[in-house]
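One chain, chain A, links the two complexes that follow: it is found with chain B in the first and with chain C in the second.
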Partner chain A sequence: MKEGLRQSMAWLHTWCGLLVCWVLLLVFAGGSASYFKEEISLWMMPELHASAAAPVTQAQAIERAAAYLQQRAPQAERWFITLPDQRSVAMRVGWIASPAAAGKEAASSPRSRFKSERIDAATGQPLARVRDTRGGEFLYRLHFDLHYLPVQWARWIVSVCALFMLVAIVSGVITHRRIFADFFTFRRNKGQRSWLDAHNATAVLALPFHLMITYTGLITLMFMIMPWGVQTAYREQGGEKAFFEEVFPGGAGRVKAAGVAAPLTSLPALAERARQHWQGAPLALVVVNNPGDAKATAVITRQKLATLSSLQPALVFDGVSGRQLAAAGEAPSATAVTRGALVGLHLAHFADPWLRALFFLCGLCGYLMVATGALLWAVKTRQKQAKAIVAGARAGFGLRLVEALNLGAIAGLPIAFAGYFWANRLLPVEMAGRAQMEIHLFFAAWALAAVLAQIRPSLGMWRLQLGAGALLFLGLPLLNVFTTDSHLGVTLLQGRGPWAVAGCDLTLLALGSVLALAASLLARHQRARHERAVQGPARRTAHPAVAKEIT
Partner chain B sequence: MSAPGFLLALVLAGCAWSELAMAMDRHYADIHGRGVEPSPTLRMRLRGAGLLGLLASLALNVHMQGWSVGLVAGLGVLTLAALLLVLAVSYWPARLPAMARALLFGALPLMVWWVTSVAPS
Partner chain C sequence: MVSDKMTSAATSGLRYRLAVLSRTLAAVAGGYVLTALATMVAARFLPMGRADAVMTATMLSFAFFTCAVIWVYAARSAWRAWCGLAVPALALALLAWCGRVLP
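Let's turn to the complex of A and B:
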């Protein structure tokens, strides 16, 4: 090796980071929001805010759901009943129609035959008046499925970006000579030095999170990028399928239908037995395979306990006699526990609101780490070209492209997120294809910001976009006053809740304030620069010394 | 995590980080003037106290949520406290000792609040 280890690692760090940073910004933003997926979904369905306070027992909820499914989809292949929990109030029921009933339009894939509806746990009737929205689920999917792309492609893109990020993190740690000496160091108003300090602080202080989230993110996609380990280890037991059965016990109890009709046993009674089996622990999901068939089975899954693992044990019952057939995932294998803990760490379903907020903040820290890293590259490169630019040359193509992409991603993404939320409040509730339109508007807002950034990647544009993001975020709680009955005045001042909605509004205000602060700092910087230019060469003599200190 | 438990862990971590920062030449000089360095005994004492504070914050989290979730939460609290400290050190470097003292005294009522909130009534 001609260069030292640190230099070559610095090269690796720079290019691994720069190549994928704009996708990583999207992944960090979407992923951070996903920690509050249920809360965002609730926020985006104001019609549910009133009913958030009426609790129903799980047995009652299951009874109503089963009655509804019996009437709505008696011939289905599978039923799914997702029970309400502390974080989501609405009960979701879903079913996979039998291929015969679905007809030609959706022949083979079960996924295309899947339908789901939200029903009121108290009455068992569909919540028709709830606006159609993908809510937090869209942001969650966005962070690994992207959008407008086939899912497989998108996941490959995200996997590769995550791999690059892992390399960037490890090489970054090696390159960073003064991790401990500069642990608390942030030097303000020092140009390039300040960006480096900010990049170091957001990276080093949240390093446990960054390493964990990148690695476990890759684990969630491991069947795509590294299938060989599982294939080899499980060769004798039948390959990947055996592994899946071990890791996802909820899929147990799938048998072929007999084609003979038989009445389904009482689901609430099964639920009660499952509750007793788990010492009264609440249930999460009821799946019925082949309802109304002689070979029906019911799989009841327990809610996750407060452990790291994402594994949920399940009980399998005979759907006709009610006999218990199996208990899946009660004593999971070491493999299943390991994967469960790693995936669980990524999803953070175990986290209470406090810890969830910490995860969210660490995610934002990741956003800032990527943003400051990308800006640092641009600042450094501009510094290198400074002489030529002062002499009248134009900035290089690569520099201009990176600067414009930085602007469109870093300042544009908040605009896209805010646009999504504004669309949720402003689009007519009865509109057809409403959920999809919200998503289109997310991308339209982002595209607008990105195109403007490409046309004019200037400091003024930064100020404009950061300011626009700030106004949009700060305006949302205000918009709630006019479009909902659950604005901060009701949820917080009158203390009527739901608290999740108040929390969302407060978070929007906080994010908006940060953007406003960034815009105003930028304005001050611009003014200072303008004054320097007006005062002319007298001040400029001070520069070489400062420049020396920076470099 | 409860509100008093979270705040207590955060205050302990903030206190610990500020002691560790004060044991460093750069931040010590920010407080006491250019070129001044802490004496070896003071440095040792600050480092010891800082380490103890970090362990106390982690231990509190482990006590509240068990080893697995507690350690994760503990690292999260340490991260948040360190980020806040970086901002404090950057904007008000000279006030670091006063802030550390305030945090230390602030930990006492929080501890009382936390103990009474977990004690069976």
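Let's turn to the complex of A and C:
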């Protein structure tokens, strides 16, 4: 760090990246998958593939959902009705049980009292035949809530990693003298040089995306990471709560229950009025606070239009008289729209499937960028210790740890994802706690790969794990032939769709092929090395250019 | 570029390690405190509505934090790095105190 700016920045880039790279791999993998959250959920519920989406008006759907909730959770603190849109077939209803009804869990947070079910919009009955799965929702939550951890901790971990990544990106750009020229440079089969070139290529190719996705990701959690602006400006009003009520209309209408029973007004009628208010624009969400209470309110949120911003206006109604209480988010300020646009860019809900596919590819580019960076560190460090290792010394502890973590994360994560999808197809449909078991198997598969990597972080293990990932991914479309009626033969060859399911299968095939290619390249490399070793160690010395690289 | 020998002499000493530790502390803790102060002051003084000022300040905070971290590692010595954080932090704290942002 005593040398010039570029050297200090190279140091900063290296350590910022290395310390958090394994979490970043998970975040990139989960985030990339989340662009197709709804499609993955559909893929994971084969029972829904055949159901021709019966045309149901939104008012009808709301009526059925309200009737269902009335019977299922009349005492709830809050109801949620998520209406079907172009991307999701089923309608989701959810509720937060009142603390009294929740009994033992009374002290717990509203989040833990939340339950949700999918119901058929046409009949208003739960989709009982559908297997219990978290689907793409798990991968989406994994992206920022991780799993098995309190949500708040997980979000802090992910946020800190994102901050490291932001610093790594900026310092990486500063340290990179010939960013444009190097992008067009690729020297294959040159060991460390090749990893550096690959790292540059994947990083620079999608640099605007990497920078955007990191910054906007921080924006989505900014009030948790940097709450001090809110705290000071709203200190007299009681801090955060006042600010959120002013800025985010979603929480509007949350009032304390009166404890006096009163019938709920007709929700379809409110929905119709909301639709007219927005000139016929479709609705997204209906929230009812304190249903059946004299202080009930209903908040109806409009669907997002095809704009960048993630902001959605909402109307607040009195849940008993049906009187309109407020209209929130109708004319957001420029700043609010800016934040909405940044969050919207991160979520990419505005994008059509092709643009989301591009985002998906950029996300995978990010995965490769982190992976090649981590590998580059290991290759470089091994090079430094080469003399000692040849003389019979063991590789240093840090090097061995990084090599094993690299293997367990880079090659292990695909195995975990594939394991999750295999579990979805193979676990008995009627099994109790099925959705949770799928998730346990995701982590079990990953743990197995990670432990094996720690025991034996060798090239052979790389080949084994990449090969296993390839087989698992390539096997999934085949497994569909035996376990579903909507395999590629039906969806693609007979052209019957659904196209989202065919797209998922094709993506699995493509990912499997890439893993297979990696495994076979590695096998070739291993053979070449073996032959060299047999011929004698004459060519062992490193290329002089390697030693001159910036650290 | 420096030869291998010199680099290892410069990077293995205890002094060097302490300096790196000091910078890391400066970047993480110092950088965060400075950013928090800047966000507070901006949230109070930006010439726009209160909610908008808060959001603008908070959105910009991560760019500010990144610059602070880059500065800490780019500075010629750990002492300079700390000074570069402390001077603006004191100035911001003074502003904040004048604006009655801090309790």
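Annotations for the structure displayed:
The rule is simple: the second predicted complex is superposed on the first by the 518 of 551 C-alpha atoms of A that agree within 3 Å, B and C clash if a C-alpha of one lies under 4 Å from a C-alpha of the other, contacts with A are read in each partner's own complex, and residues count from 1 in each chain.
To be clear about the criterion, a residue touches a chain if its C-beta (ideal position, glycine included) is under 8 Å from a C-beta of that chain, and two chains touch if they have at least 3 such contacts.
Not measured: the values here are computed from a predicted model.
In the superposition on chain A, A:168 makes contact with neither chain B nor chain C.
In the superposition on chain A, A:188 makes contact with chain B only, not with chain C. Once chain A of one complex is fitted onto chain A of the other, the partner contacts of A:24 are absent, as it touches neither chain B nor chain C.
Once the two complexes are laid over each other on the shared chain, residue contacts for A:208 go to chain B alone; chain C is not touched. In the superposed model, A:12 lies in contact with chain C only, and not with chain B. Taking chain B and chain C in turn and counting the residues of chain A each one touches, the greater count comes from C.
In the superposition on chain A, A:243 contacts chain C only, with no contact to chain B. Looking at the shared chain after the overlay, A:339 reaches chain C, while chain B stays out of its contact range. Only residues 1-2, 4, 7, 10, 19-20, 23, 35-37, 39-40, 42-44, 48-59, 61-63, 65-66, 69-70, 73-74, 96, 101-103 of chain C touch chain A when the two sit together in their complex.
By the touch criterion given at the top, residues 1, 3, 6, 17, 20-21, 24, 26-27, 65-66, 68-69, 72-73, 75-77, 79-80, 82-83, 85-87, 89-91 of chain B touch chain A in their complex. Those residues of chain A whose C-beta lies close enough to touch chain C in the complex are 1-3, 5, 8-9, 11-12, 163, 166-167, 170-171, 174, 215, 218-219, 222-223, 225-226, 228-235, 243, 246-247, 333-336, 338-339, 342, 547-548, 550-551.
Chain A makes touch with chain B in their complex at residues 181, 183-188, 201-202, 205-206, 208-209, 306-308, 341, 345, 350-352, 354-355, 358-359, 361-362, 365.
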